[in-house]
Amino acid sequence: MAGLMEEKVFKDPIHKYIYVQDPVIWDLINTKEFQRLRRIRQLGTSYLTFHGAEHSRFSHSLGVYEVTRKIISQFERSGYPDWPREEKLLSLCAALLHDIGHGPFSHSIEQAFHMHHEDWSCRIIQGDTEVHAVLSRISPEFPDQVASVICKNYAKPIVVSLVSSQLDADRMDYLLRDAYFTGVNYGTFDLDRILRVLRPHNGRIVVKESGMHAVEDYLMSRYQMYWQVYFHPVTRSSEIILRQIFRRAKELYAQEYNFGFMPHPLSGLFENTLTVEQYLLLDEAFIQTIFMQWTRESDGLLSDLCNRFLYRKLYKYIPLQQVDGNLLEQIKANLIRVGLQPDYHMELDFPSDLPYDVYRPGEAGEKMPILLLEGKDKYTEISRKSEIIRSISGIHMGQNQIYYPEDLLKASASMLDPEVRRFFGL
Amino acid sequence: MAGLMEEKVFKDPIHKYIYVQDPVIWDLINTKEFQRLRRIRQLGTSYLTFHGAEHSRFSHSLGVYEVTRKIISQFERSGYPDWPREEKLLSLCAALLHDIGHGPFSHSIEQAFHMHHEDWSCRIIQGDTEVHAVLSRISPEFPDQVASVICKNYAKPIVVSLVSSQLDADRMDYLLRDAYFTGVNYGTFDLDRILRVLRPHNGRIVVKESGMHAVEDYLMSRYQMYWQVYFHPVTRSSEIILRQIFRRAKELYAQEYNFGFMPHPLSGLFENTLTVEQYLLLDEAFIQTIFMQWTRESDGLLSDLCNRFLYRKLYKYIPLQQVDGNLLEQIKANLIRVGLQPDYHMELDFPSDLPYDVYRPGEAGEKMPILLLEGKDKYTEISRKSEIIRSISGIHMGQNQIYYPEDLLKASASMLDPEVRRFFGL
Amino acid sequence: MAGLMEEKVFKDPIHKYIYVQDPVIWDLINTKEFQRLRRIRQLGTSYLTFHGAEHSRFSHSLGVYEVTRKIISQFERSGYPDWPREEKLLSLCAALLHDIGHGPFSHSIEQAFHMHHEDWSCRIIQGDTEVHAVLSRISPEFPDQVASVICKNYAKPIVVSLVSSQLDADRMDYLLRDAYFTGVNYGTFDLDRILRVLRPHNGRIVVKESGMHAVEDYLMSRYQMYWQVYFHPVTRSSEIILRQIFRRAKELYAQEYNFGFMPHPLSGLFENTLTVEQYLLLDEAFIQTIFMQWTRESDGLLSDLCNRFLYRKLYKYIPLQQVDGNLLEQIKANLIRVGLQPDYHMELDFPSDLPYDVYRPGEAGEKMPILLLEGKDKYTEISRKSEIIRSISGIHMGQNQIYYPEDLLKASASMLDPEVRRFFGL
Amino acid sequence: MAGLMEEKVFKDPIHKYIYVQDPVIWDLINTKEFQRLRRIRQLGTSYLTFHGAEHSRFSHSLGVYEVTRKIISQFERSGYPDWPREEKLLSLCAALLHDIGHGPFSHSIEQAFHMHHEDWSCRIIQGDTEVHAVLSRISPEFPDQVASVICKNYAKPIVVSLVSSQLDADRMDYLLRDAYFTGVNYGTFDLDRILRVLRPHNGRIVVKESGMHAVEDYLMSRYQMYWQVYFHPVTRSSEIILRQIFRRAKELYAQEYNFGFMPHPLSGLFENTLTVEQYLLLDEAFIQTIFMQWTRESDGLLSDLCNRFLYRKLYKYIPLQQVDGNLLEQIKANLIRVGLQPDYHMELDFPSDLPYDVYRPGEAGEKMPILLLEGKDKYTEISRKSEIIRSISGIHMGQNQIYYPEDLLKASASMLDPEVRRFFGL
């Protein structure tokens, strides 16, 4: 380790203070790559639904570091033999850097351009970056180790599970932080109580048996946050607009449309040739500025979508109890009749492609489940013991919705079929 | 009024909910000009000191509206005869729109380009804008009335004082909001308690006599916020960098330097020819994107400053107990000797040009002071009654500091005079 | 109504302020009978588990009044036609007085002496009391009407359901209040959110359809409070001691034991002849003082039990997965062998006699269930729609436990059978 | 030390959890003498003003222990050489036990019977008690050492100052706790921030220079609490009634009046012969029960006063700008004329005998002042640096008031002189 340092603190609304005791952590925070996270919001477009949700991935990353530090500190104070003390710094670095590869409005941009932020995280950690330089001071292999924890293939799963499991520092911080900044108080749970029931055990982190109700409380907070915040239809509507902007711009780019504004390194994004250095220039200020300039483009569809996003003239939505294929065809035909574009002006949203998960043990791609420790060595997946958790795991779907530009339909209402008008309440 | 509407609410972390009952307010919130406030931070560069302080002027404006609504609602419930009930909607609109003219990083940009956000507020309210259109629905004069409240020359000072005085809805919201988002808890005070001691009286808003301790509490919160948040030297340092960027860019622009990036309508800012429409394109995303692109400019000073700002490589600072002219001259000479530029690489900061004020009755340009109502008709300026408030009013100055790029000085430390080295602790 | 009054407020930690606008409410609060509630704790013996839980039924009663006031105020502001506005004062009085008949350590004393606090509430409201005098000012029938709301047979069930149903002002206040004073934060839910989804409809209070998740949140808070606070085994242990003291004292009284301390009107409690006036002399100070004096009684069992209660030398407990009759018999025989009394020194606790209920629609004696309003006139009992609520309703039982004086067993451990010793871990 | 122990926790609303790591602390908490503190309220009669203020000295004592533990833990983590590590357990025991000698309604009973709770603390710690037995396990001298810390004559003032100075763990806990339970939020300050600026230095605990604003914040909270809570005239009124009850009972006892209720060991209190064992039987339940029984005494004055106290029929009050001797004489004469007793029915209250102090360095009997550490070894008493603290220190007096039974005066209003009637607003 690089040497001693006076403890530094950051004032944080969630954890009161974030304590930095290791100079490696301090230096990582001060790298260009980590500072860039200040310009990427934690909750993407949710600020259009909850105006307080302006917080950044920078804050969240510090928070994940702090929760990890607290968990390890409690393991060490209690002297649990199953915690590998030599993994502390690695765990803290991985916690701090786990989101380093996130791009602006990640979920939408990843979908539109077929990227994965985990890949970028590894490229940044392993590339020619300030982060890489700081990590290399520990050892030449250290950057690769940090990357492998983030990519979940580090040899000791206990380290991975701290940062990435159903009960990890990432989720614990974001639930509390998102609840705080949105102002909803049903996302809160008792962090200290959860920390007290965690046990390192036989290469895993498990929950002591009497901690079941604490975990129920935590999972219910998650459930409430999904319904009230993460799945909110207004947020979905703004994500749809965002994806449509990217889609339209890609189409135009492919058609060699002459963009009035195409700053460096934007074309690299369209051509899928971004270097690490170029990728790091992308942030949400950049995207918003592009959209602002594109409100002045001659392509009416693109400029309209950019206006909608920037000035929150979002698509309205109607819940679909079931999808009626005939009706949808009729709507499409009507849209075309009045000069609108079904590919853009009508979007069906099935929350199965939502980026968040409630607790669903056993599903494909699932993160490490939560295990209760019974007796000395018996584990039980928690939903087997808790009827409440079973009831959440069984809830698969958000609400299907159809999204559409109400203002445009209203303007041509007289030309629509009566059924279609009735459907849209026009 | 435009008609009835179902009550709408916004979830807000400070006031729990913000209640909108009037369609004019609802429509104002949905204008392009008001939505733009989402892209302007309430606390400028403070997020570089307090990572939670990412909240926008949009949130704050809603909050000022809500506090005003609560004050008026309490006046109406209590049936105070001195409150002019016909001024309710005007007061609410002025509260909501009082910051509509703020530009990106307002205080710094205003200083650099000699603008005033109040002027822009009036130009926006009175110009060809969506805000103007909504306000005109009330009456042709209504936009001018709103503007006159914001510019403090409306005929009824009681309306002005709601939005702009030493104890106004603006300050009440920002103290609570800034404390919440930074995470410091010494900025909180009991809003309900303050609301309960306000009285409309004879064309003014005054404080009932027994409310003195409540006001002391509020002013002490203000005092703590100034020292701990608003005057924080790290924030000052980032504002210095920001102003230096604008200054350098202006110099280069005057020298007809060929900028690699100068998007619309930036040149209008340099030439002081911005129209309202152009001004509204400015936001903090735009400024940050310009800085990001300028990190690639050939002018070394400009690109260095932009890097510093974006990646928080700020100037360090040393408190100056007193300003020693000889030492400063020697430092300047030393800076020149090692190839640095004293105009940029050394900045003295005297907090007298700070944009915030503690409570200082009687000073020039002071806002309406706080009056205690004694008996039926006697007012006393509150600092005459409260020794505590007197003690705050007497505190004039923040700490003088000298700011400088430690990294650059360190690199040339061996070439500096010993006194200068000692002064900078190198 | 008795006339106008300036609004009065009480500072309250849960609701910030409690607003009293009606002189009848003000005068009820100032009666002897209502002031007596200051000397009866809201959570009985829970303060022995959670040291903060010292709050009184006085505070809670004010809180239930305030929640009721808020619900009605929202109904009136929204102009819902199904709310009978003429019932406002009756509802507020019933809310305030709903616990007026509670005795000291109610649940235990009621069990021991076969009383019901609802009966005493009615006797107090209808007897020769200050409360009766204040209520009679409204009309001669008004005291009876208040009593009938509390006894749940008032003609308009909507009024009863405000104060007594699965989603009533009583529960809403006590969950928040008990969470606050114990310091557990999992009992909190968003009161404003719940209030916003309530609708008076067709003689009932129902929940609008989109309010389902809000109710889930509320019921989960309840569930967590039951497990973590109300069913806490240490609290159960102290209640067992309390009941044993009453039981022992009754036995001794029946045997004409000569008590060293038997102040007025204690013998009336034993003989079941208490008048209203005498009943009102009972409070928790009285009971504690009796116990303190009884620590000096010659009956060893009684004085030991009193010492245990006052100095928190409670019985320990061991969970029983299933009740093994043979083992229990063996334990009893062992207790007798070492001079202990199985009737007192071993108590099995089955939480089915717990005084609190989780949400169990359809059970005997159940309070009015929670109904979701679907469309215009269709109600659905909420557990039919929510898998989460179904999962809670299915959980019937707390943990069975055996309680015993570990200190006494330890002292005679060598004389116990090995199985018994092993069972008690001695 | 008695050996290792698994960490135990208490759930606490102020500090979230209170951590007990030493078996001596655990055993002290479980003594009879410490458990008795559950029956003594932290804020005496304040619950009659703020209904939430029911919290006990038991909770507060745990809190003082926890704050002390946190301060020491921070000193140890930071490795400050001036902290004498060997004094940890002594400091913790003294913190926990500092209030062990408090009697019921301490301030009033001490005044009435000329006792001092510090004396009783020492008698309990040094007498034949469970507390003494636990402390003696450390060493035979340990109980005396604990007593000497509490009595402020322990040889190392740094230990004393933790528990008893202007910035001690006692005040830090009670300000936060009293603010929480009363529900006023102006008593809060940032405990973590204060803890971070404390430094053990040269046998004292001082504040590092940059901590001045943190201390200002803490002292302003104290100031607000004194005005809003501790000096509240309703609380003063109830204390006056309380003292009058004790005074009247003493008079009657001296006159050999035949009390209907005089349980053990009450006569010992009147005769000033209480043993430690007897003193420990006194608690607030006992005092309230005596008062309840005394409402049935034949002495009209005594029973009236007891009724007033129990049912909160307190004396009203009128502020006295200055004391007009002639008017007071006239009032007395009037009281006698209508059969009232000036010694009881009129009480002047000068807050100079208030039990709480704001910050007043230099006054007689003052606790150790707060010192700022400037440079390496220079201390400055903080009010010399802070104008705000100077302004508080200069505020000496609460409001003088005259207290009187409005109901009794009203009943005889027609017989009073017009001036007297006018004065009382009758």
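Letters A, B, C and D mark the chains as written, and numbering starts fresh at 1 in each.
Just so it is clear, contacts are C-beta pairs under 8 Å (C-beta built on N, C-alpha and C of every residue); 3 or more make two chains touch, one makes a residue touch a chain.
These are the chains along with the protein names UniProt gives them: A, B, C, D = HD domain-containing protein.
In this text, all values refer to a predicted model and were calculated from it rather than measured experimentally.
*Asks:* Considering only chains that satisfy the touch condition with subunit A (HD domain-containing protein), which of them also satisfy it with subunit C (HD domain-containing protein)?
*Replies:* B, D
*Asks:* Based on mean C-alpha positions, I'd like to know which chain lies farthest from subunit C (HD domain-containing protein).
*Replies:* Max centre-to-centre separation from subunit C (HD domain-containing protein) belongs to B.
*Asks:* With centres defined as the mean C-alpha position, give me the subunit C (HD domain-containing protein)-subunit D (HD domain-containing protein) separation in Å.
*Replies:* 31
*Asks:* Between subunit B (HD domain-containing protein) and subunit D (HD domain-containing protein), what distance separates the C-alpha centroids? Give it in angstrom.
*Replies:* So the centre of subunit B (HD domain-containing protein) lies 44 Å away from the centre of subunit D (HD domain-containing protein).
*Asks:* Roughly how many whole angstrom separate the Cα centroids of subunit B (HD domain-containing protein) and subunit C (HD domain-containing protein)?
*Replies:* Here the centre of subunit C (HD domain-containing protein) sits 51 Å away from the centre of subunit B (HD domain-containing protein).
*Asks:* Going through subunit D (HD domain-containing protein) residue by residue, note those that touch at least 2 other chains and give them in order.
*Replies:* In subunit D (HD domain-containing protein), the residues touching two or more other chains are 16, 184.
*Asks:* Spell out the residues on subunit B (HD domain-containing protein) that touch subunit C (HD domain-containing protein) in their complex, using ranges where they run on.
*Replies:* Residue positions touching the partner: 7, 9, 16-17, 78, 192, 196.
*Asks:* Can you check the complex and tell me which residues of subunit C (HD domain-containing protein) touch subunit D (HD domain-containing protein)?
*Replies:* 10-14, 16, 30, 32, 35-36, 38-39, 47-48, 50-52, 54-56, 58-59, 62, 180-184, 261, 263-264, 281, 283-286, 288-289, 292-293, 296, 310-313
*Asks:* Within their complex, state which residues of subunit C (HD domain-containing protein) touch subunit A (HD domain-containing protein).
*Replies:* Those in contact with subunit A (HD domain-containing protein) are residues 184-186, 188-190, 193, 213, 216-217, 220, 223-224, 227-228, 387-388, 390-392, 394-395.
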